[in-house]
Amino acid sequence: MSTLEKDYVCPVGEGIYAANTGDWRTQRPEIDQEKCSRCGTCLLYCPTNSVRRVEGRFVIDLGYCKGCAVCAAECPKQCIAMIREGRK
Amino acid sequence: MSTVAVMNGNYAAATAARLARPEVIAAYPITPQTPVVEYLTLFAAEGSLSSRMTEVESEHSAMSILSGASLAGARCYTATSSQGLALMYEPYFRASTLRLPIVMNIVNREMISPQSVWGGPQDSLTLRDAGWIQIYVEDNQEILDQTIQAFRIAEDPRVLLPINVCYDGFYLSHMTERVEVPEQAEIDAFLPPYEAKHQILDPRKPMAIDPLTSGYLVMEYRKKHMDSMAAALGVVEETDKAYAALTGRSWGGALDLYRMEDAEYAVVTLGSVTGACREMVDEKRAAGVRIGLVKVRCLRPFPKAAVAAALARVKGFGVIDRNVSFGWNTGIVYQEVRSALYESGRTLPSVPFVGGLGGEDITLGLVSKAFDEIVAAVDAGRTPQSAVWLWAPRKGVKA
Amino acid sequence: MSALDLLAEREDMISPGISACVGCNVELTLRTVMKVLGPNSILAIPPGCMGGVGVVGWNKQSGAKVPVFFPLLDNTASMLAGIRLALDAKGRDAHVVAFAGDGATVDAGFQALSGVAERGDRIIYICYDNEGYMNTGYQRSSSTSKGSWTSTTPVSKEGQGGKRQHGKDFPMIMAMHDVPYVATASPAYIPDLVRKVEEAMKVKEGLAYIHVYNPCLTGWGIRAEESISVARLAVKTRFFPLYEARNRKFKITVPVPNPLPLEDYTSRIKKFSHLGPERIAELKDLAEERYRFLEAVSAGGGGRA
């Protein structure tokens, strides 16, 4: 049974509610892996926890990325480009 | 096997709390509740109190600490009075809507202003619609018995609501009486440990408590709360019976009737004024007046059917309120009783008395006058449109 | 474990989709803090931005993977103290944590927090200070900087107005409670923040308090991508120094020997845009005074070496 159908005595929530914040994005980050120094700054400062470290490389999971460009602004190598999203 | 002791009302409350083994106690001293806090800290110092006890910086924090502790599954106890209750209002209301079975004695004290530290249930009665169960008692034995029962009622899965056991400041809190104290083992059997099943803050079972909630769900939770309130009436009766089986003492559940079987007139009371009224019933009966007494124990949930049934055969009644309902120009209990009667389709002559505010004594003389007024008004088919003030003439005071 | 390793490997304890503004550094702070604290935590989110964006969840669902709840605006610390007592009574342990805005901390929640500090209740209290009631449209709080535009300290067309008083030096007030651990932190210094949360976790008796300075993009008027760089400038101009204090033993953790001009910071923020040089100088004087005080009370001159 989904928690939404559960019958609680009092206001309780179970299971995770996630807003589809990936939908908000007007621009998306793209890492130039050639230039990337693997410092991980983007991972440290991404507000939405959208940067992953995969076998030493840093990649962006766009699922909930809001396109804030913090990663691009903070990247010491300036190797993250912000690309305008096409109309959805 | 119980032991017999002489104790004041506050000691009876503290003793009941100790017997109930709350896991967490948080309290802030305020007249006339202060000795409850002192007794509990003394019990803790002696090592006879198993609870985690914390002395807080305000009543707001007392109720907040208990709310947190209850959410984490602990049995909780506190006590307060008057301004302390008023300061607590925000977490007080929320403790009921979060369905936290906290037990709190309210040592009734008048609300200021005027500046007054003496008795009167205006404090808790004003908060009657904040979702708590409220039970009012008459003497020190009843304080002890009902406070113990309160834990079982509050934690009953059909109820899961916080509960106040209210008793008059000074008249009960500071007056000593003979009290029978049950054995710890008896109470342990009567009151198994609390286990929070409806909600819990526990990393082993992560859940959110009180997420943002849309209107239709708010209505759903309110309705459940009201249903549980209604169910509590039955649980109060059941618990009274179970306790009577254990100790031989029944307090009548939601309502306690005295000589009502053949009564033509009734007086309705709440709290310690009941004692004087019971005496006066005997006196008037001896003089040939068929009057009986209805003591309201449970104010929330209000036992409306029982009240209507109790008054089904009287010709009329009076209510002695030691509080006021501003805007109605009567006391609060009077309005409650009248509403209960509305459903029974009977319109009875009735007298709304107000007296005993700020700890003023309601003497036997005043009670006698009130009873005479009930008989006179009822016989004349008259219902005063505003409160009949019960007070003795004083210099400079218009009676 | 380095901060990067920790943050790369640990599970995010917060819902992946919360409705914080694009670029919000409070969202970053919360996710970071909760990764460090881990699953054996109970989290209090009083009314404020993080409650509003869904961290406590919505209807019958949660916004976090740890137990999370709304305390009232003014009783966060007390509710947590109660949870600690209940855990103690049951012989269990967990991190009992507040993540509260400045309104719930510096204003309405101060009494409860001060009480907890004095009694020595063992909780971790993290304040995200964005200088006001942002969730309701940015009204002033007692943490708001002097001169700031807010919706309740408006500014005339001629540039007159703004808040008339300096903000409370709140972390210092908490440090003076003589508690085991007080720290300031910034979302622009994540490794420093991670270490401070780890320090807070080590406290076994009493309060650990961390005051994080979070410039608010929407309320203050800051571009989203500058979310972190503006927060960093607050530190580099000495406007918000990073330090820690253990029972009143102070240590500056990020010394700023050569501060940048305060204008480098204020010029990036719209809420200060009406302030002329004199009013900026007033802010600068206060910042310098507070920094000097901090150096004076810090061991060995605040680690200036």
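The letters A, B and C name the chains in turn, as written, and every chain counts its residues from 1.
Quick note on the criterion: a residue touches a chain if its C-beta (ideal position, glycine included) is under 8 Å from a C-beta of that chain, and two chains touch if they have at least 3 such contacts.
Worth saying up front: this structure is predicted, and the values here are computed from it rather than measured.
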item	value
Category of the chain touch graph - line, ring, star, complete, other	complete
Most heavily contacting chain pair (counted by C-beta pairs in contact)	B-C
Separation of mean Cα positions, chain C and chain A [Å, integer]	23
Distance between chain centroids, defined by C-alpha means - chain B, chain C (Å)	44
Centre distance in Å when chain A and chain B are each reduced to the mean of their C-alpha atoms	55
Residues of chain A whose C-beta touches two or more other chains	8, 12-14, 17
Sequence positions of chain B contacting 2 or more other chains	206-211, 213, 217
In chain C, residues with contacts to at least two other chains	54, 56-65
Chain C-facing residues of chain A, complex	3-4, 6, 8, 12-22, 24, 40, 43-49, 52-53, 63-64, 66-70, 72-74
Touch list for chain B against partner chain A, complex	97-99, 160, 198-199, 206-211, 213, 217, 221, 224, 228
Partner chain B, residues of chain C touching it in the complex	39-42, 51-52, 54, 56-72, 74-75, 78-83, 85-90, 94, 111-112, 114-115, 118-119, 121
Touching residues on chain A, where the partner in the complex is chain B	8-14, 17
Residues on chain B engaged by chain C in the complex (per definition of touch)	23-24, 26, 51-52, 54-58, 60-61, 64-74, 76, 90-91, 94, 200-203, 205-214, 217
